[in-house]
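Chain lettering (A, B and C) follows the sequence in which the chains are written, and residue indices restart at 1 in each chain.
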Amino acid sequence: MALQDWKQHKRPFAAIASGPLLWLFLFFLVPMTIVWLYSFGQNSGPADINITGTLDNYKRATEWLYLSIFGKSLAVAALVTLICLVIGFPVAMAITFAPEKWRPWLLVAIMLPFWTNLLIRTYALMMLMGSNGYANQGLGAMWEGASWLKTMVGLQPLEAWTPVQLLYNNFAVVLGLVYVHLPFMVLPLYSALDRLDKSLIEASLDLGAGHLKTLFTIVVPLAGPGIMAGVMITLIPALGAYLTPDLMGGTDSQMIANVIERQFKRANDWPFGAALSFLLIYAMFILVALQSLRGDRTKTGER
Amino acid sequence: MAQFHRQLFKRPPIAPLDYTRKAWMRLWVGATLLFLYAPLLVLMVFSFNDSKRNAVWKGFTFKYYEKAFANSSLVDAMVNSLTIALFATIVSVVLGALAGVLLWRFRFPFKSAVEGVMSLPIIVPEICLGVAMLIFFAKIDWPTGMPWPLNLSAITIAHITFCFPFVAMVVRSRMASFNREQEEAAKDLGASEWQTFRDILLPHMKPGLIAGALLAFTLSLDDFVITFFTSGPDTVTFPVKVYSMVRFSVTPEVNAASTILILLTIALTALALKVQGVKGIAETH
Amino acid sequence: MAEPIIQIRNVTKRFGKVAAVDNVSLEIMAGEFFVLLGPSGCGKTTLLRMIAGFELPTEGEILIDGQDMAGIPPNKRPVNMVFQSYAVFPHMTVADNVAYGLKIAGVGRGEREERVREALQLVSLAGFEDRKPDQMSGGQRQRVALARSLVMKPKVLLLDEPLSALDAKLRAQMQFELSELQDHVGITFVTVTHDQDEALSMAGRIAVMNKGEVAQMATPSDLYEYPANRFVADFVGSVNLFEGKLTLDEPDRAAVDCAGLGKVYLNHGVTGPHGADVWIALRPEKIYLHVPGDGKAIRAAAQDAPDDHNLARGVIKGMSYLGDITLFEIQLDNGAKIRVSRPNLSRRDQEDFTWDDRVSMHWRADSPVVLLS
C-alpha cells in the first residue's frame, strides 16, 4: 500500500509527528547527548564537571581491570544466551506442534513469568537457592540417597551433607540470567517456527531424512532469522544486566552494569561512568549491526 | 472383550509431526515450566508460612500480609508504583499510537533515522538509560521536593521514554494488517477524514492499543534499574523498596508483598485474556 | 496392471470423534494413474497422508508392495510425495533440492549429479540447476517438487492437489504433461483432487470419496456414464435429478414415473423392486431441444420408446452462451426445472432459441440412469 507523502498532508503529519518526535528529542536524545559529552569531561569539583574533550576516561576504560570485566560480561551473556537457546528451542518446537487448543495456553504459560516483576522473580529464585532453600535440600536428599546406597553395598557412608553455596557466585548469576531471560528466547523462536511451512518438514521426512537431519538441514536454516532475533533479544539485556549480578553474584561476579552503577552511586566519578556507558552502547550497536548485516546477506542470497 | 479393551484404551498412534506427544518433549516442556514456576510458587506458599525462615513450613498465617499492609513505607511505595504506571501508560499509549501511525502511514525525509532513534530506547541497556536520566534531571535542576504526585514526574517521564516505543511497535505491527481499501470504501460512502479515523482506523487499532497499554503498564510497574537512578528518598517505588528489603534484610513481608504483585500480574493477564481472547494475546507477541 | 502395489484394508482415521476416513478398503495396481476425487473434507487428503505415513490409521492396515506399513515412518517408506504447496526448500538451489533425498540415501556424488540432471530434464527444467526457488514461477516450482520426488524412483508417487495452485491454462497443460510423464516413467501415481475435470482427464481409475467413504470406484467414463448413486452423478459433471417410482422392470426394459420429468423409459433392466422410490439422472448434453410441434421430437422419441415417454415440454428461462455449447435452463410445464446443453455446431446455432421460447425435449432410451440411492 502506497505511503502518504508528508508534503501533501502537512497538517495531519504535523499533528501526528510532533508529539512523539518532541518527546524523543527532549527526554531521550538530549539526556543521551549529555552523557556522551560528560564522557569527555573530568571532575572539577564535588558536583561540577568540566567538559574538556579529554580521552582519559576512555583510556582508563581500556585498563586490564575494566577490559576483563567487559570480556567477562560478554562471556556470561553469551553463555546465558546459549543455554536459553538450548532449553528454549525444544520448548518452542513443542508449542508450535501442540494441538490448536493447547497452543495459546502454552504461550500464556511462557509469557506469564515474562510479565511478572523481574525483582520478584530474582528474589524468588534466591529464596529457593539459599543455603537452607529447597535446591540445597534436594541436593542434600540426593547425597543422603547416595550415601545410603554406598552402605547398602557395604562401603563407608559418605560424610554428612553440608549445604553448598549456590548463591553469590558466577554460577548463580548465569542461572539467574537464564531464569529471567528464557521467555525472551522462546517467543521469537516460536513465531519463527510457526511461520515455517510444515510441509517442508514433511517433504524432508518423505525424502528419507530422519528427524534430527531434518532439524539441522531444514528447520534450523529456515528459522535462522528467528533464531538470530531470539539470540539478540536475550544477549543484549543479558550483557547490560544489573540486577541479577548485583543480587545473586559474589564479589567476583560483577558485570559491566554494576561497574557503571558504582561510578554514579558510590565512586561519584560521573565522566568515567558516562564513558563506560557509551562503550556498552557501542557494543550493542556492533551486535545489532552484525545481525542486520547477516539479515541483509540472507535476504540478497534468497533473491 | 479383549478387542473391546484394546479399542477403548488404545491411544491414537503418534504421527511423525506430533512432536508434542513424544515423551521426552513433554518432559522437557514440563521441566522448563517447573523451572519457571517453582520459585514463584514456593514464594507464594511461604508468604503464608508462620516462620521467619523461608525453609520450613510452620503453619498457616496471614500475619505477614497484615504486617505488609501495616508497613506504611511499603504501601506508599506500592501506591507510587501504581500511580507512575497509570500515568506512564496513558501518555505512552497516546505517544505510541501517534508514533505507530506516523511510521505506518507517512513517507518523510530521514524516516529510517527516526525509526532507528525510536527503537533506541528499546535496545539501549537499562543501566545506560538510567544513567542518562540521572544526569539529565540533575543537569537541568528538575525541581525536587514537590508535593505528591508531582514528585513522581521525573520517574514517570523516564518510564514514558522507554515505554512508548514499545507501544509504537505494537501499534505499527497491528496497523500493518489494515486493509487500506476499507478506508477508501468508507470515504467512497461519504465519510470525512475524521469519521474514517474514528469508525474504521481506530476500531482496527484497538487491540494494538490494549496490548500496548498492558505492555506499558507492566514495563513501568516492573522497572527497577531506571527508577533506581531517578528516584529520591521520598519517591520510592515498589521494586526499589523490595530491592532494599532484599538487599539489607530478608523479611517474610517481602513474600507477602510479592505475592500480591504476582496476583496483580495474573489478574492483568486474565483481564487481557478476557478482552482479547487467548489467541489475541498470543498473537500480539 | 496385475499386482496391487497399495492395499488399503478397512482403514479408519478418527480425529477426536470425527471419522475423517471411515472403513475404506481399496487396491491400487502397479503402474496405474489413480485419482482420489471428492469435495473438501471428504477424507481424500487424509487417506493420501496415511499412505505417506504423516497420519497413522486409527484402525485397519495399509500395505505397500505387500509390506505392512504399520510402524514404518515416512522416511522409510518406498513412496514419495508432491505437496500441495510444493514444499520446495527455499534455502536450497534447484539442484540441491532434487539431490536432497539422494544425498540422504548415500548415493555417490557422480551418480547423484547424473540422476539430478536426468530428473530435471524429465520435467523440462534443464539449465535451472543453480536457481533459487523464489526466482521461479509456481509452475516451475511444482516441476522441481516433481523432479525431487521422481529422482528417488519411488514405488508410488503421491500428489496432493498438484494443480490447484496453477492458473487455468497452465493447469490444462500440466494435466497432459502429468499423464505423459506417468506413462514415461511407469511409476504408480496416486493423486488427490477436488477438480473433476482434472480427475477425468488424467486418471486410469478414480475413487470418488464422500464423508470419509468411497462412493464409487471406476474408470473415468464409467464414472460419468454409470454413476452408482446421486452423490457421484451430481459431483462428477452436471446432472438433472428427478425423483420417481419404478413402474416397470424387466430384463430388457424399464420405466420410471417421475413427478417432475414425466414418464421415462429405459431400454435395459434395473434391479429394483416394483414401485420402489428411485431417482432418474439425466445429463444436460443427452437431451435434444426442438421447436414444439415440428413432430420430429415425437417421432425421434418414438423410435426407441413408447408413446408419451422420454418427452418433455417447457419454456426457456435462462441461457448462457459458453462458446462451444449453449446452456439452457428450462422450466417444465409442471414447474420443475431442467438444464439442457446444446452444441453450437454452426456459427449461428445460438440464435435458434431465446428467452421465453416454448420448447420440447426428448432423450434416448439409453440416456437416463436409474439410481437407487
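Everything below uses one rule, namely that a contact is a pair of C-beta atoms (placed from the backbone, for glycine too) under 8 Å apart; a residue touches a chain by one contact, two chains touch by 3 or more.
Predicted, not measured: the structure shown is a model, and the values here were computed from it.
Asker: Return the chains shared as contacts by chain A and chain C, ordered by label.
Answerer: Touching chain A as well as chain C, we find B.
Asker: When B-C is set beside A-B, which has more C-beta pairs in contact?
Answerer: A-B
Asker: If you average the Cα atoms per chain, which one ends up farthest from chain A?
Answerer: Most remote chain from chain A, centroid-wise, comes out as C.
Asker: Could you work out how far the Cα centre of chain B sits from that of chain C, in whole Å?
Answerer: Chain centroid spacing, chain B to chain C, equals 55 Å.
Asker: For chain A versus chain B, what separation do you get between their C-alpha means, in angstrom?
Answerer: Centres of chain A and chain B (C-alpha means) sit 17 Å apart.
Asker: Out of chain B, which residues touch more than one other chain, so two or more?
Answerer: Correct list: 16-17.
Asker: Could you list the positions in chain C whose residues touch two or more of the other chains?
Answerer: Those would be 53-54, 73-74.
Asker: Of all residues in chain A, which are in touch with two or more distinct other chains?
Answerer: 202, 205
Asker: Enumerate the contact residues on chain B facing chain C in the complex.
Answerer: 12-17
Asker: How about chain B: which of its residues touch chain A in the complex?
Answerer: Those in contact with chain A are residues 16-20, 25-26, 28-29, 32-33, 35-40, 42-43, 46, 53-55, 94-96, 98-99, 101-102, 105-108, 114, 117-118, 120-121, 123-128, 131-136, 139, 157-158, 160-161, 164, 168, 180, 193, 218, 221-222, 224-225, 229, 239, 242-243, 246-247, 250, 254-255, 258, 261-262, 265-266, 268-269, 273, 278-279, 281-282, 285.
Asker: Which part of chain A faces chain C closely enough to touch in the complex?
Answerer: 197, 199-200, 202-210, 213, 217-218, 221-222, 301-303
Asker: Give every residue of chain C touching chain A within the complex, in rising order.
Answerer: Chain C reaches chain A through residues 52-54, 73-76, 79-81, 83-85, 87-91, 100-101, 104-105, 132, 134-135, 145, 148-149, 152.
Asker: With touch defined as at the start, can you tell me which chain C residues reach chain B in the complex?
Answerer: Against chain B, chain C makes touches at 14, 53-56, 58, 73-74.
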